[in-house]
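Got some structures for you, see below.
Two complexes are shown next, each including subunit A; its partner changes from subunit B in the first to subunit C in the second.
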Partner chain A sequence: MSEHIKVSGLKVTAPTGDNDEVTIVDDVAFAIPRGEVLALIGESGSGKTTIALSLMGYARGGCRISSGSIRVGDTEVLSLDRSGLRDLRGRRVSYVAQSAAASFNPSKTIMAQVTEAVLIHGVASRKEAEIRAVELFRALSLPEPESIGSRYPHQVSGGQLQRLMAAMALITEPELVIFDEPTTALDVTTQIDVLLAFKRVIRERGITAVYVSHDLAVVAQMADHILVLNQGKVRELGKTAQVLKQPEDSYTQTLISAITPCRRDTGNEATTEQPLLEIRNLVAGYGRSDKNGMPAMPILKDVNLTILRGRTLGVIGESGSGKSTLARVVAGLLPAARGEVLLDGEPLPGTLAGRSKDQFRRIQIVFQNADTALNPSHSVAQVLGRPLTFYHGLKGNERERRIGAMLDLVKLPATVAGRRCGELSGGQKQRINLARALAADPELILCDEVTSALDTVVGAAILDLLVELRRELGVSYMFISHDISTVRSLCDDILVLYAGRGVEAGSRDTFQQPPFHPYTELLIDSVPELEQGWLERSRRPVAPVPLVDGVRDLELCPFLDRCPVRIAGTCDQLAPPRVVLSDGSEILCHHSEAELLLPPRDYAMAAQR
Partner chain B sequence: MKSVLFLILRRIGTVLLTLFLVSMVVFSLSSLLPGDAAQQLLGQSATPEAVAALREVLGLDKPGHLRYLDWLRGLIVGDPGISLANDLPVAQLVAERLPRSLLLAGIAALVSVPLALTLGIASAMYGGTRVDRFLNTLTLTMVAIPEFLVATTLVLVFAVKLNWVSALSYAPPGASFGQFIAAYALPVLTLFFVLVAQMARMSRAAVLDQLSQPYVEMAVLKGASLPRVVLRHALPNAIGPIANAVALSLSYLLGGVIIVEVIFNYPGIASLMVDSVANRDMPLLQTCAMIFCAAYLLLVLIADICAIVSNPKLRT
Partner chain C sequence: MNLFRTLRLSGSIGLILVIFWLAVALAGPALAPHPLGEIVDYDVFLPMSSTYPMGTDYLGRDVLSRILYGARFTITIGAAAAIFAGILGTALGIFAAVSSRMVDETLSRFMDALSAIPGKILALVMIAALGSSVALLIMIIGVSYTPGCYRIARSLAVNLNQMDFVQVARARGEGRFYLARVEIFPNMIHPMLTDVGLRFVWAVLLLSSLSFIGLGMQPPDADLGSLVRENISGLAEGAPAVLMPAVAIALLTIGVNLLIDSLRGQAKTATGEV
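Then we have the complex of A and B:
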């Protein structure tokens, strides 16, 4: 039998407060043939990471593998003693964690950490280990493979660190590698490079792997088999094609339908063309400002946007593009260095102190992480009651009645009012977070990555709620997200931010097919599709040769360094013009509309001219 | 590398500025003490004329800010004035006493720091086990007992009842090693009691904090042994907080030294300061206060530099 890994009857328990135990993984069984990849998929709390870690005989924070059998090759992992486990970990089974930034020791060099397992297990000499490491760096397409090892973790980017961690896991040539959400923390454009590198290494070396993820589209690219988990129990186990195409279990079907892009009907075509919020030539950033009023670290550079009354503007960009800074400026948390923010045609004061109570009321913000945005020891009634009293002077029965109405709006039962925020689930907290903003009776709600911390199914329900609220209350949203599919499904208008500049703006229809700005194109092409083989087929423009570093004019195209179709002599010399395309969208690019419609290879030819 | 130098220079600048501010506070506070040296020297029965004449001689009649500037200048060039009580230069008095205090503090630190760190790290390494609980109880008990009680108990047991060592601790120049140990055993043991507990607890907390980081789990999953995980992975990242804990504890040593020197009648700088308060000997008092403050700031500075140098984000 070619089963390499065989798990049966696995049960993991966690301690509860009162000397009792609760089962978090129950009766899980699966087998993986040698050289194949099994994906463990499920939402948070499904036990997928717990199962993956138990393959190394490891359980986190007080949890206990209470029964079952885990065989790696001929070894029964659960019967190993402490030194037996040490010999297994890092040598025969290795681990790639979710957050590379936290999983690298900040005070040791990368090379010391990558080669550590080799030295611990005495697999090879230090010199031999370093040669192997450089080979792996090269195989994982890391830049400067010879010298990257001498750097410290904070000196390389997140995507590189994630690949370095894979090198760390592969260096002892283990027979089983566990990938635990290895790309979840990455930007979508970086994720695809990392996935390609992982996939190639897995195939070339014939590694048996367990790939933990919540993202079915990613799993479709990586896995041969999929194990669907829900609350610690197996829901479905099968070949990738079968699970994706003919899911047998109802829970799997829910998961798949939650990520299938749907165009949410925004339902208010008859809105006035009256601008609610206008931003003109906004410059904002952090740090001390110089004598021209420019901040030391400018984040937003010359941003323009308009949100019409009753419409939704999606702001999309990768981490560090200035999305949240934009929300902070509109909310009055960060004064603009230059430019204006107009609400209903009236300029908004830059600081909180300068704004009136009514201006506060009209713009509300909903933060990404409801866990930290709500005081866990306040009751829901307190959280919702405060804006009602502050903005509308409601007290007593009147206030109670409004709190009930607010809960009804976000589809929570009225009994929730008496509970503490800390006792609620993630999705419930995000609803309370939204209800708190609605309690002020705002005209504009700034939604900063409101579904990013939620599971797919829960997040989709929140998006539906947003659409419904807009239909009922006529509020406008600025919907900030890193996920283009979410933005396309929800928003009327879209603004693409790159390095603090708006590179493309248009209605959502213009984001359905080309022409796009080259960055938008990269962004759209990088979103994995729920289809096997997409990763190999995805047309990846050749990564451009990096430009020679030097002082660069801020006026130049911000995407210059990564642009696959940049025109030598033009893009690195002249500021890009703002061009209005025939479909009505506006882009910041030197290319003509006709050139942007060409497939990437022909681009390069066009660029040569 | 350049930025590290800049960071360190900036810390040194802060230390100098703090010292300057402290000098103002010390000077104005000490002039608030009731009575003055002229009154103290001449006694209760002196005539007002005699007191006034002596004040003029001692320069006590000049306005406060002029006396401050004079004193500050003297402090900078290393001549902090003449002791009012016994007519000797303050510099000479301090030069005689300071090395002895430093010797006592040095021995106490030398004994306590390595032991405290070992206890703290061991306790973190075996967090939650019986070893940890035992060490916790021990250090907590030690922290709870005030040093004067420890000192008097030690004197009562070892000097008075058992008669092993002298209750007064002073090793004359040229004392043998045995005499030296006998003289320093009790005061060092007293200081050790207070110091060890604090440092051990704080280094335990610093290491435990690092042990909960994901990179430690990663090291465990690479198959690293417990000592390797703690010593090679967690400890280098805990150096900053540990250095700060050690600096704070050692600065506590200065306060501890006052009580210990008085109880064991040890001729150090702290007992000199206590005498100067009793005699209203302002120049001496002010100088001692400045020395204590400077020593404190120096310790904190060293801790800061340790933290900067041990952190690659700041170093590179």
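Then we have the complex of A and C:
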């Protein structure tokens, strides 16, 4: 195998004004043999996307490729002129972006966009291009490959759109395909389908690819070689198996240990069994309410949960399952349509206006994105000082002292107090975000995806901080996440939400082994493991589950459409019962415990009989 | 002069013009060779000469002096009206954004109705009803530009109101006034300032056209618009008395426009985040 792609001494810089430059990528060199996949892995800001884009001879606005050599086949990319680059891009080197939804033009059909590159480059006729496109749709296991091209981007799902984007990149039969975080924005259960499709098409067509990702577990499934980047420099380059099993570089070791699931000691022994927050039969949503008080778009449908004092409840579900809405209802930002929320046994008023200052103080909310959760025009001292003044009436020196104490609590130096929030790093911002909640001296903190926007290593540090704070201060958390391994490592109790209903609830031990609700099982099985070949071994239903026709009753199982083990005649007719299993967890399912312990295909059979 | 160096060429030209006009507004009357109403020559509509650098007007007054005095009126009234509109529009816009739907709808529809009336017609009616004075002109021009300011302020405030940091403050139990003042307002100062800058240009044009039809500044005082009107009979002779005030209006408005436009472009590239 010859080296098909060869990069050496690549340096990308960005001028900073005063005749000075920052080096974004420094002296990067690698080679990819034909038909193999190289993964670029690193945290945000490590330069992985910059390197990937430079393979197309492109540098983002304000950056410039200052030296080095990039060879694709026999072509030196960096010496190409405008028209040479035009011939290269989209034809010989193509690109799959992270957000397919933002990369498709909503007003053109999918087929027109998928075949566009072929027609622009004059590789083939329109007819030929459409035949190729349909072949690719089939290879990427898209539904209805013959007709999906006539749809518009909003008529297909996010996972399908991502695969269509791959079809768009592959249609010119390029020599190199760049996948830039193609599954990062997807839910895990969708991600696995997309990964399977990508893997298959890469293997069948012998595609040479660069796969950019921050997720080692995903990379373990996709890549032959891994290049570990940190701050624009190569830390380690090697075969996938070697990098994962025997990482030589200390930074790689940190990365691997940060994602290795660890069970954090929650220290729940010392706490009482007294419920702090109780939610009963909660219904909430958006839009006008009808005469029964049901909102036009119900998001939460009959949710029940209890958080004991000093304990952590993990709420898990995919996007759109109502996790954030739940937090908004508890915080009082969205009034409940039905049901009640009890704080320490006392009903909590649904609207902000009805709550007392003390009720506000006891529940604090921490949002996912610290960039938008901190007012960019305020200083750190202002952000932390406000709850101190507002709830505790602190002023002057006492206030300064408490701000210092709060910063100390989240392990930030006291000097950041004078800085503006925009000047801090992502991890620091999230700590300030947390410190602001702590400044109120709360009893319950609602953490809405607090680590999702952070890099793995930084996120792990925040999780450790949460555990430590709970031990020191005895606060309870409602920890909302889409990531089951995070939830399992941090929370005492777990609630699985699907389409606004709790489908399974139990202590974290019950989430270690079956029986699970079929959705929980799908969720757990879909999380990639840091092990080569996991993707091939993952037990997935071979064919996608056909949709159930007809009008759906709100009472029916919410997971009906996607359930691989649904029982015809039962699941689509009757509301599922709430069953308490022998390990103490509660599920919403027609299946018996014995059936749920069988491998999926077998218990579908058992149910048929 | 850090600002000057970072501006583009058009912005630099704008900045120079703006500084020039500010100087004229501040020091103009002190620099004027003749008092405002003094008739200096029996010849009317004299061409440019070394005695009268911009000639004389229809009564034989020195045009340069008239412009130096007039520019002060134009700039002060225009700026005051733009600031008036900016403050009123911003305050009402934020108020609408943090208020209930009912209040927001009522206020917004009222502003829509107000902006449906052409500014000049509105000003005409108000002047006809209330008369013309400097204070009144400021108020009238200010009111006719308030709906525009309101609309921009409201849309900015509505977006900011949805931001997480405002939601956090709301969940903390903060009152509406605090949300508006501390969380929302500081984040809209910059766009509102550029908006006021542009509205100043329109205010100058509106004031000049009102004066041109005789409803603005009343004699013997004159702003740049009235100078054009009183000397309009000299147009056939190509007298500088009618051309120079018009050129002055053009230079003033173009200068401010160039500066504001390049500032806006700069703000876009400089701040990646809100």
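Convention: the second predicted complex is superposed on the first by the 599 of 609 C-alpha atoms of A that agree within 3 Å, B and C clash if a C-alpha of one lies under 4 Å from a C-alpha of the other, contacts with A are read in each partner's own complex, and residues count from 1 in each chain.
To be clear about the criterion, a residue touches a chain if its C-beta (ideal position, glycine included) is under 8 Å from a C-beta of that chain, and two chains touch if they have at least 3 such contacts.
For clarity, every value in this text was computed on a predicted model and none was experimentally measured.
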*For A:332, is the partner it touches subunit B (first), subunit C (second), both, or none of the two (neither)?*
second
*asked:* Once chain A of both complexes is superposed, is A:127 in touch with subunit B (first), subunit C (second), both, or neither?
replied: neither
_Quick check for you: in the superposed arrangement, does A:291 touch first (subunit B), second (subunit C), both or neither?_
neither
*State whether A:367 touches subunit B only (first), subunit C only (second), both chains, or neither.*
second
*Is A:352 contacted by the first partner subunit B, the second partner subunit C, both or neither?*
second
*asked:* Between subunit B and subunit C, whom does A:89 touch in the aligned arrangement: first, second, both, or neither?
replied: first
_subunit A-facing residues of subunit B, complex_ = 213-215, 217-225, 228, 233, 236-237, 310-313, 316
_Residues of subunit A that touch subunit B when the two form their complex_ = 53, 56, 58, 60, 85-91, 94-95, 97, 99, 102-108, 116-117, 120-121, 152, 154-155, 168
*asked:* Show me the residue ranges of subunit C that touch subunit A in the complex, using the header's touch definition.
replied: 163-165, 167-174, 182-183, 186-187, 273-274
*Interface residues, subunit A side, partner subunit C - complex*: 331-333, 352, 355, 357, 360-361, 363-365, 367, 369, 371-378, 386-387, 390, 422, 436, 440
